[in-house]
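Once you scroll down, you'll see the structures, which are given as C-alpha cells.
Both complexes below contain chain A, partnered by chain B and then by chain C.
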Partner chain A sequence: MSDQPLFSLRNPWFGASVGITAAIAVLSAVAGLIWLPLAQPNLKLAGVWDAICSAAGVPRAAVQETGIKPDFKTSNVVMTSEMLTKVNQVSIGRGATLAQRCAICHGPQGVSDAHSPNLAGQFAAVTYKELNDFKTGARVSVVMSPFAAAMSDQDMKDVAAYYAYLPRVPSNNLDTGRPAPVIVVTGAPMRNIAPCGSCHGDVDNKAGSPWLGGQSAVYIKAQLEAFASGARRNDISQQMRNIARQMTADEIDQVAHYYEAQP
Partner chain B sequence: MLINKRLIAAHFWLAFIVFGVALVLGAWQMFVRSPLNAWHFNPEFYYRSVTAHGSAMGYVFPTLIAMGFGYAITEASLEKELVGRRWAWVGFFLVAVGAVVAMIPVSLGLASVLYTFYPPMVGNPFYYIGVVMVVVGSWIWVALMVTNFVIWKRENPGKPVPLAMYANVAGSLLWGWTAVGAALEILFQILPVALGLKSTIDAGLARVFFSWTLHAIVYFWLIPTYIAYYTIFPRAIGGRLFSDAMARISFILFVVVAMPIGVHHLFADPQVGAGFKFMHSVFTGLVALPTLLTVFTICASAEIASRLRGGRGAFGWIGALPWSNPIMLATALSLVMLGFGGAGGLINMSYQLDATVHNTQWITGHFHLIFGGAIVIMYFAIAYDLWPHLTDRALDSFGLMRTQLWLWFIGMIVTTFPWHYVGILGMPRRMAYYDYANPAISPQALSVTMSAIGGFILLLSGLLFLLVLIRGQFGARGEAGAYRFAVPLHMPERIPVALNSFGLWLALMVGLTVVNYGFPIAQLMALNETSVPAVYVGAGR
Partner chain C sequence: MASETDHSLGEAVAARIERRWATLSIVIVGVLVGMATYIGIHQATMPQGRVETADPKTLHLSGEFVESNLGSEMQADGSVTVRAIGQQYSFTPQCIVVPAETPITFRATSADVVHGFLIEGTNINTMLVPGYVTDLPVRFKAPGDHVMPCQEFCGIGHQGMWGKVKVIDKAAFRDMAAAKRRLTCVD
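Here is the complex of A and B:
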C-alpha cells in the first residue's frame, strides 16, 4: 500500500477527486460569474467580460457617476476618535489670544449666560469642527459665520485647543440629583433613537459628539429643533437630524433641561 | 492504553470549568434581555458578557476538548505513548494563560468587541494577544497530532491508520489551516491598530479573513462529536461500525470543502462580488454531504447493534436499543438536534432566505441548537465515556447522567425554538435592551421569556454535568481496562493510500482556498482607500 502512488493518474482516487472538485469549481464559476449576472435584466452588462468583472466585485466606473449632489453644503470634516486629542501648549497660548474676540458672547472663561454655547472644557475636535463648518457654510449663523470666515485652519485648531484646556464650570442650574430622562439612558429603539448618553457621555463618548453638561437649555432646544426642521444640517451622515426628527417636543424639552443641570 | 492521563484530564477539566463559567454568563444574558428583567443595568455589561461568553464557548472550550480528546485518541488508538508530551503541556499552558490574558481586558470593559472582532471596532491589544496565544497553543497540538500520525505510519508500513486517529488528524489539519484566516486578520490588521501604530483599518478585508476561519471553525468544533459518533457510539451500544471507508470519506470531505465556503457569512456584505458568493454557496451545499453520510452510517450501525441484541422488524429494532445507556441517549438526542439545526442551516445558506434571518435572533438560535445542542451533548458523552479511564474510578451515576442529558436536550429545545421564532419576527441579535412595552415588540415577549426559562434549564443541566464528573473523581477505585474504539463490520486489512493519508486532500483544500478566496482577497488588498478610522472600544472614558 505504501508503495502505491498517491499523486498519479494511475491512482483512481486522484483522478476522480481532482476531476470532480475541478468540475464543480468550473461549473459554479461559470454559473456565478457569467450565466447568473447575464440572466439579470437590471444589470445592463456590456458583455461576458463585463459580467465577470461585475460578479467578481470589481468596482465599476458607471456606478460612481450617479451620486446625487445636495443643493446645500455639507460638512467636509473627517472625524476620528483621536483627532486633536494631543495637547500642545503653543497652540493653547495662541488660542487664548485669538479667543479674546469670542469672549463677548462665550464669556472670558468660556462660560456665559448669553444662551450661546459654553465652550470651556469642550472637546477640541468638536469646537474645531463647528468652526470649520461655519467657515465652509455647512452651518450658518449670522453671528458666527463672519468670525469663522476670517480664521485660518491653524487659528481654528488653536482656539479649539484653548477652550478644551479651560476647566468646565457647572451652570447656575446645576442639579445632579435630577433623574435622567428615558431617552438619555435607553433611547427609543423603535424610533431608531440610540440613547443620547451613548454618544454624549455618561454611557460612552463618540468622536465629534459635544459634551452637553451645563449647556444652556435654550440653546440645546434651539439646536434640536433646528436639526428636526432641517434648518441645521452640518451633522455628518444626518446623525442628529435622524434623531431629532423622531423626538417629541416633550422629549426635547426634557433633555434640554436635563443636560443644563449636569456638570 | 491511556498513559498521559493527567495531561488529558487537565484539558477536559479546564474545558469544563471554562464552560461552566461561560454558561452562567449565557443564562444571565438570556435573563437580562428578557421581559423577566426590569431595566436597571448598564448595557455595556451585556456586551462584556457576550464577548466573554462567545470567546470562551467559541475559542477556548471546544479547542481544549479537541486537544484533550486528540491526545486520548493518539494513545488509545495507536496503542503507544504520545510523542511530544512536554510540548503538549506547553500547548496547554498557552491556551490556559491566553484565555486569562484575553479575559482580563474583556472584564474591565476594554474589549467589548464580541468574539467575532468585527473591525473597525478595536479593543485592548491584550484581548487579541490572548486569543492568539490560544490559537498558537492549539497549533502545537496540530503539529503533535501530525507528528504522531507520521511516526506511527513509518513504524507500521502498509497498515491502515486506525479510524479514530485518521479522523483526529483530519480535524487538526482542518483547524491548522482554517485558523490562518483569523490569525492573519489579528496579526496584520487589528493588532497594529490596537497597539496604536495605525489608526485606520480595512474592515471589509478583515471580515473576509475572518470568514476564512468562521465557517470551518464550526467543523473543528464538530469533529470530536463525529469521532464520537463513529468510534464510541457503536462500541458503547455493543454493535459495530457499519463502514470504515464511509467514515474516512466523510472526514476527508470536511477537510476539503469545510473551509473554502466561509463567504456565506458575508452574503449581506458589499465587499465581495455576487459571483464569489454564489461559488461559496455551491460548495456550502456540498458540505451537507458528509453529514448525510454520517447520519446514514450511524443509523445503520445502531441497527446492527439492535439486531445483534435481538431487535426485529422494519422499525421494531429501534425499541430494542439500549436506551438506558447514556451514550445511546446522548447520540440519539444529538442526532435529533442535528436534524433540526441542519434544516435551519439550509435556510441560512440560501442567499435569498438568509436575507430575512440575517443578524436576527434566528442565527443565535441556530448555532446554539447545533453547537450548544448537537455538538456539546456529545462532548458530555465523550467525557462520560472517558472518565473512568482517566480517573481509574467507576463512573456509575447513570440515572444522574440520563437526567442531565435529557435536561440539556429539553433545555436546548425550549431555548432555541422560540429563539428562532423571534428571529423570524425580526428581533435583532446582539442587543442588550428590548422595549417589550412597545406594541411592535410585545408579541415577542412570550417567546423570549420561554427562551430564558430554557436557559435556566440548561444551566441546571450544566451544573448536574459538573456534579457527575466531580462524583467520578471520588468514586470506587477500579481498573477500567484498555480504552477501545468501535470495530467496523469489515475490518480493513488494506485500504487505498488515499484513505490512509492526507497529501491529496490538503492539496485540494489549499487549491480550493486559492480558487474561492484568492481573487476577493487580492482585489481588496490592491484597492486603495478602503480603510476606515478605527473605533476604539472602551476609549475616552
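Here is the complex of A and C:
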C-alpha cells in the first residue's frame, strides 16, 4: 500500500472519499438552493434559476407596490446625522440678513419671550427641516407658513446656518438646580417611551431632534399636545407621535417646565 | 513467515476500522444536512428566502413603507400582509392587529440602526437591518395579546422601544378590514 500514490484514482480510498464528499456537497446544494426555496410557496419563485439566486442572497430592490398614499402632507426631508453640519461663513452671513424678518418673533439674537421657539444655537438641520415642512405644508402654522412659502431652499439653509451659529442664551426661567423628571432621564419603558434625553440631547442626540433647553414651556406643551392628538404630523414615520400619545398630561407639564429651565 | 501473517492481519484490521470511522462521519454529515432540510421545510427555522433592499433614509418618501401604508392589509387571497418599521425608539405602527388562524406575512425594515423584531409567546424573532427588508411568513394559532420588544440594542433609549401585537378573531378582523384598508390598533 505504501508504494501506491495517495492522490490517485487507482487508490480506492481516495476515489471513494472524494466521491462521497462531492456527492454530499451536490445533494446539500440541491436541497439548500433549489428544493428548500421551492418548498416555500409564498416566495413565488419564477423558476430554478430564481430559486438559486434568492437562496444565495442576491439582493434586489423591494418591489415598489402601489401602496396607500397619505391623505395629508408628510415631511419630505431626508434626514442624516451629517446634514448641514459643515460651517459655511457665506451661508451664515446670508442667513443673518434673511433672519432680520424672523426677529420680531424669534428675537434679534434668536431668543425671545414670545413663546415662539428660541433658535439661537439650534441644530441647523432642525431649523432647516421645520422651515421646509412649513413650506411644503407638512407642518402648518398661520404665522410661519406664509414666511416659509416665500423662501428658497438655499434661504432656509442659510437661516438655519445663521441660527446654529448664534450662541445659546439661557432663558429668564433658567434654573439648573431643578431636578430632571423621570421621563427625561429614564423614560417610561412600560409605555414605550424612551427617555427624552436619548434623542433631545443631554444623553444622546438623534438627527432631526431639536435642542430643547431654554425653550418656552408653553411652546413645548403645545407641540406635545399637537403630536399626541395628531394635529401635528411632520415627524417622520410618527417618531414623535408614538411618544407623545403615551405621555400623561402631567408628564407633558413636567418636561415642558424642565426644559424651559435648562440652558 | 510469522511476521508476514501479522502484517497482513494488521492491515485488514486497520482497513476495517478506517471504513467504519469513515462511514460514521459520513452518516453524521448526512444527518446534519437532513436535519437542516427537515427544520427548513417544517419552518422551525425561517431563513429568509429573498434579500430585498430599501433605502432607510427615504422610507417616508415613497414605496411600501410610507406612513399611510403601514399596518395590516387584507390580501385578495385571504392572507394578511403587515408592514412596519423600527426606528429609534419606537415601532410604527405602535400596535399591530392581526387575525388568528390566517397566513400572515410580516414585512418590516429599519429607518436608522439595527433593531430586533421579537413577538413574545411565539417563535417570531428576527432583526430589522437598515437597508434590507425583513420578510417573515407566520401564523398565530389563537387570539391574544403579545408584546413586541426590540431585542437588539439600538441606542441609549433601547429599553423604551417595544410595540404590541393584538391577535383577534378572524371574523372580527374581516369586519375591520371591510371598513379600512390598513389596520392598526393604535389608540
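By our rule, the second predicted complex is superposed on the first by the 198 of 263 C-alpha atoms of A that agree within 3 Å, B and C clash if a C-alpha of one lies under 4 Å from a C-alpha of the other, contacts with A are read in each partner's own complex, and residues count from 1 in each chain.
By our rule, a contact is a pair of C-beta atoms (placed from the backbone, for glycine too) under 8 Å apart; a residue touches a chain by one contact, two chains touch by 3 or more.
In this text, all values refer to a predicted model and were calculated from it rather than measured experimentally.
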> Which of the two partners, first being chain B and second being chain C, lies in contact with A:Val142: first, second, both, or neither?
Replying inline: neither
> Now for A:Val90: first (chain B), second (chain C), both, or neither, which partner does it touch?
Replying inline: neither
> More residues of chain A are touched by which chain, chain B or chain C?
Replying inline: C
> Which holds for A:Ala150: it touches chain B only (first), chain C only (second), both, or neither?
Replying inline: neither
> Thinking of the overlay built on chain A, is A:Phe7 touched by chain B (first), by chain C (second), by both, or by neither?
Replying inline: first
> Counting only touches as set out at the top, which of chain B and chain C does A:Ile52 meet: first, second, both, neither?
Replying inline: first
>> With both complexes superposed on chain A, which partner does A:Asn205 reach: first (chain B), second (chain C), both or neither?
In response: first
>> Let me test your reading of the model: by the given contact rule, A:Leu36 touches which partner, first (chain B), second (chain C), both or neither?
In response: both
> Now for A:Val18: first (chain B), second (chain C), both, or neither, which partner does it touch?
Replying inline: first
>> Per the definitions at the top, what is the overlap between the chain A residues touching chain B and those touching chain C?
In response: 1, 13, 17, 24, 27-28, 31-32, 36-37, 54-55, 57-59, 78-80, 188-189, 195, 203-204
> Hey, which residues of chain C end up touching chain A in the complex?
Replying inline: 11, 18, 22, 26, 29-30, 33, 36-37, 40-41, 49-54, 57-70, 83, 85, 87-94, 103, 105, 111-112, 132-133, 137, 155-163, 181-182, 186-187
>> Under the definition above, what is the set of chain A residues touching chain B in their complex?
In response: 1-2, 4-7, 11, 13-14, 17-18, 21, 24-25, 27-29, 31-33, 36-37, 52, 54-59, 78-82, 186, 188-190, 195, 203-205, 207
>> Per the contact definition, I'd like the list of chain B residues that touch chain A in the complex.
In response: 39, 42-44, 153, 157-158, 199, 256, 271-279, 282-283, 286, 431, 433-435, 438, 440-441, 494-501, 503-505, 507-508, 511-512, 515-516, 519-520, 523, 527, 533-536, 539-541
>> Please output the residues of chain A touching chain C within their complex, sorted ascending.
In response: 1, 13, 16-17, 20, 24, 27-28, 31-32, 35-37, 39-40, 42-43, 45, 54-55, 57-65, 67-71, 74-76, 78-80, 187-189, 192-195, 198-199, 203-204, 206, 236-239, 242-243, 245
